[in-house]
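Input: a single structure, listed below in structure tokens.
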Amino acid sequence: MEKTPLDRQVMCNRLAREFQDGWVINLGIGMPTLCSNYDFGDKQIIFHSENGVIGYGPLAVEGEEDLHLVNASSQYVTIATGAAIVHHADSFAIIRGGHLDATVLGAYEVAENGDFANYKTAGRKGGGIGGAMDLAVGAKQVFIAMEHTTREGEPRLLQRCNLPVTAVGVVTKVVTTLGLFEVTPQGFELKEIAPGYTTEDVQAQTGATLIIPDNLIEFNA
Amino acid sequence: MEKTPLDRQVMCNRLAREFQDGWVINLGIGMPTLCSNYDFGDKQIIFHSENGVIGYGPLAVEGEEDLHLVNASSQYVTIATGAAIVHHADSFAIIRGGHLDATVLGAYEVAENGDFANYKTAGRKGGGIGGAMDLAVGAKQVFIAMEHTTREGEPRLLQRCNLPVTAVGVVTKVVTTLGLFEVTPQGFELKEIAPGYTTEDVQAQTGATLIIPDNLIEFNA
Amino acid sequence: MKNKVYSSFDEAVADIPDGATIMFPGFGPPGIPRNLIAALIRQGAKDLIGICNNHGALGNLMDVGRLIETERVVKWVCAFTAAPHPSRKLAFEALYEEGKIEAELVPQGTLAERIRAGGAGIGAFYTPTGVGTEVAEGKEHREIDGRMHILEYPLKADYALIRARRADKMGNLQYRLSQRNFNPLMAQAATTTIVEVEEDILEPGQIDPDQVHTPCIFVDRMVRIPPAPDGIWDTPIRT
Amino acid sequence: MKNKVYSSFDEAVADIPDGATIMFPGFGPPGIPRNLIAALIRQGAKDLIGICNNHGALGNLMDVGRLIETERVVKWVCAFTAAPHPSRKLAFEALYEEGKIEAELVPQGTLAERIRAGGAGIGAFYTPTGVGTEVAEGKEHREIDGRMHILEYPLKADYALIRARRADKMGNLQYRLSQRNFNPLMAQAATTTIVEVEEDILEPGQIDPDQVHTPCIFVDRMVRIPPAPDGIWDTPIRT
């Protein structure tokens, strides 16, 4: 069987499948926004963005953009039925106050102790924190979606982060191009593996010792 | 000339005359509410109340009460043109944040160092703070309107408060039934005296040494 | 979509356990959840802790004073442990003086800010309010920018009982005029928020997103107030 | 009634002195006071301190990036000292790396809360955001309820430049959708608040009191944005 890394949309679909009816979700810049393309069926999911939109919908069609409405990635979006708008401090009161059921963020690195790094690259003076530090400490669950390795093939799942961390001990699930991982007190547990890969393949590209449970299954989005 | 203590409305008119065009004012429960009866002419005064009303008007006429609108004394009032409503935390952000030009409060006692007491009477376990402590520290000026003495004839203007204080060192002006006083670094200065009274009369009913300026004038509301 | 619309006040408050901490909004008559308070009294939960600006008002309208009279409250956090006028004593004061109810007296702005902090995940804050007074006793002091402040901690609750003018089925709320007061703050600071609604509950999308006062994510249960006499409605209080 | 309506952006910003601290709202394109920023650049004040979520955006629309390019800014308080994508460098980054501009990097929610605290008279607050990260270095730590927090201080400004959808002559403002973002917070935290308004300025009373987003007491000056090309209006940014 061919080893094909998971597609980004498939990765995000897998995280989106975790969302439960009525959940309030914040999607980070970049790959995580793909979670909103998932078909939630009867489930009502409320998408929150840092700029105070509680309930946004799909991206706006070109030519029909509302110039007063963007998501956290500055993309023009549509408003969802039953939405509400608040100002930036109230928006982060929602985040910090524990009113988000989950956030999905991108990352450069995730550590087996639940730390992650996503705001500052090596050797750069500046950083782009945005809302990530607040989301990381405020949301009830922090999910990460990222490539399994860097462009150079270095692992992103590590024993400890090398880059400056965004928050400590908060990540609960990680989806990568190679599978779905849970952060447990003992470290990363591989829950679902990308088709065609062996656990040895995944371990070889991971910078921490994986826990391989008996009930490991094939990745299922 | 007969010695007649000043009328409450006259006292409040005198303080109201201090308000300048565009000022935002909070009037405490009881006597201070009379300030809103003053004819401000061309001056636009915005009355704020603790419950988040920025811009209320005269008391509602019986039979025309709006059951969703009261002032801080729980009286049904009318809404002023150009009013705005905020919630209780935002209302006190206005107060604490220094956005009130003045507040007029009642008091049991005022001390020459600017302390005042208005929330707890002697020997009572409970107190009624309400918004008074916030108003006292937040407003740019704190004016007090009160009887010059207690029902028993004891002075209310004192060297130091006997009752538990509402705030320390904040009072700038006091109007009583006997005149208008300013709180200066040296103590109470009698600025205007009620018609028919001598400075000795006023001093005799005051628990602190009054400063009597050369330019003392008759009370003029 | 989860159903948040309940058919009776009794059903909406049925699970409130003994010992619960409950927030009660209202400032003067507007914004008091009178129907939910009446249902809570019928329900019978005891050893309650209340967070409320006052401890009731004179007159015979349903409010927290009626709950306190039932002696099912052990502690009250409020801005008035005595009425502003000594002549207007309520049941609370006697119970408080006899030591049958514990109370925490909080300046009103600090009360509002502590509730906001509870809903906003703020660990504590420094305020100049109360410095030099009895309420500052035992609290941490800090001079900031040349001005003394005291440290105050957030307030949260198990339940908030809310009264709103208008709601949609998702739970977005609007208040009218001074009815707003503590309602949005308490809705956000409580684990479970129960709302009595004055108008027919609307379909989602019927409230302009720019004009929502409490977003639906803070609302768990709603009951439409029925016409009097089944529902409790304010009538003008004239003194 | 004081007149708050000015006839030009240049007149409205004329008195901003060298060394002023200025707040700039906006998140993505909505809510950026583009006309006032353009007037400030024309006006020429220097040694400015800016408080703003970002330091500008790619593309040629007028924003704070254009002000920063003029090298009249000495310090920038923001949530991004680098763009989220390393490939999208703006003028700010080069100036920052060369040490020509000082910066304070603040998590976005802490930034919003510090501005709110500035307008609300809060002396300081504890937040869990940033604990264990570089932004916590040198800050006071405190464990509250078993969770570590850091102490953060308020932000105030001499001026806030604001963009609103609608205003009345008294200065009551409404924003539309995500245009709101930092605008109400900054309007409240600045000594002088200057607003560019997208619609004709209304008579007092034409905005429903329940639906005002920024009360008039926080607004000092307003200018109606003229039609393009005299006024700067957003056009869709397509990537």
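In order of appearance the chains are A, B, C and D, and numbering begins at 1 in each one.
Everything below uses one rule, namely that a contact is a pair of C-beta atoms (placed from the backbone, for glycine too) under 8 Å apart; a residue touches a chain by one contact, two chains touch by 3 or more.
For clarity, every value in this text was computed on a predicted model and none was experimentally measured.
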Shared interface partners, meaning chains that touch chain A and chain D: C
Pair of chains joined by more contacts [C-beta pairs], B-C or B-D: B-C
Identity of the chain that, by mean CA position, is farthest from chain B: A
Distance from the mean Cα position of chain B to that of chain A, given in whole angstrom: 56
Rounded Å distance, chain C centre to chain D centre (Cα mean): 34
Centre-of-Cα separation between chain D and chain B, whole angstrom: 37
Centre distance in Å when chain B and chain C are each reduced to the mean of their C-alpha atoms: 29
Junction residues of chain D, two or more chains touched: 113, 116, 120-122, 127-128, 176-177, 180, 209-210, 213
Chain A residues counted as touching two or more neighbouring chains: 79, 85-86, 89, 92-93, 95-96, 138
Category of the chain touch graph - line, ring, star, complete, other: other
Chain pairs in mutual contact under the definition given at the outset: A-C, A-D, B-C, B-D, C-D
Residue numbers on chain A that touch chain C, as the complex places them: 21-22, 24, 44, 46, 48, 54-55, 79, 81-86, 89, 92-99, 138
Complex interface listing, chain C residues touching chain B: 27-30, 53, 57, 79-84, 86, 93, 96-97, 103, 105-110, 112-113, 115-116, 127-135, 165, 176-185, 213, 234-238
In the complex with chain B, residue positions of chain D that touch it: 1-2, 116, 118-122, 168, 170, 172, 188, 204-205, 207, 209-210, 212, 215-218
Residues on chain A engaged by chain D in the complex (per definition of touch): 29-30, 49-53, 62, 65-70, 74, 76, 79, 85-89, 91-93, 95-96, 115, 120-121, 124-134, 137-138, 164-169
Parts of chain C lying in touch with chain D, wherever the complex brings them together: 113, 117, 120-128, 142, 144-145, 147, 149, 153, 174-177, 180, 209-211, 213
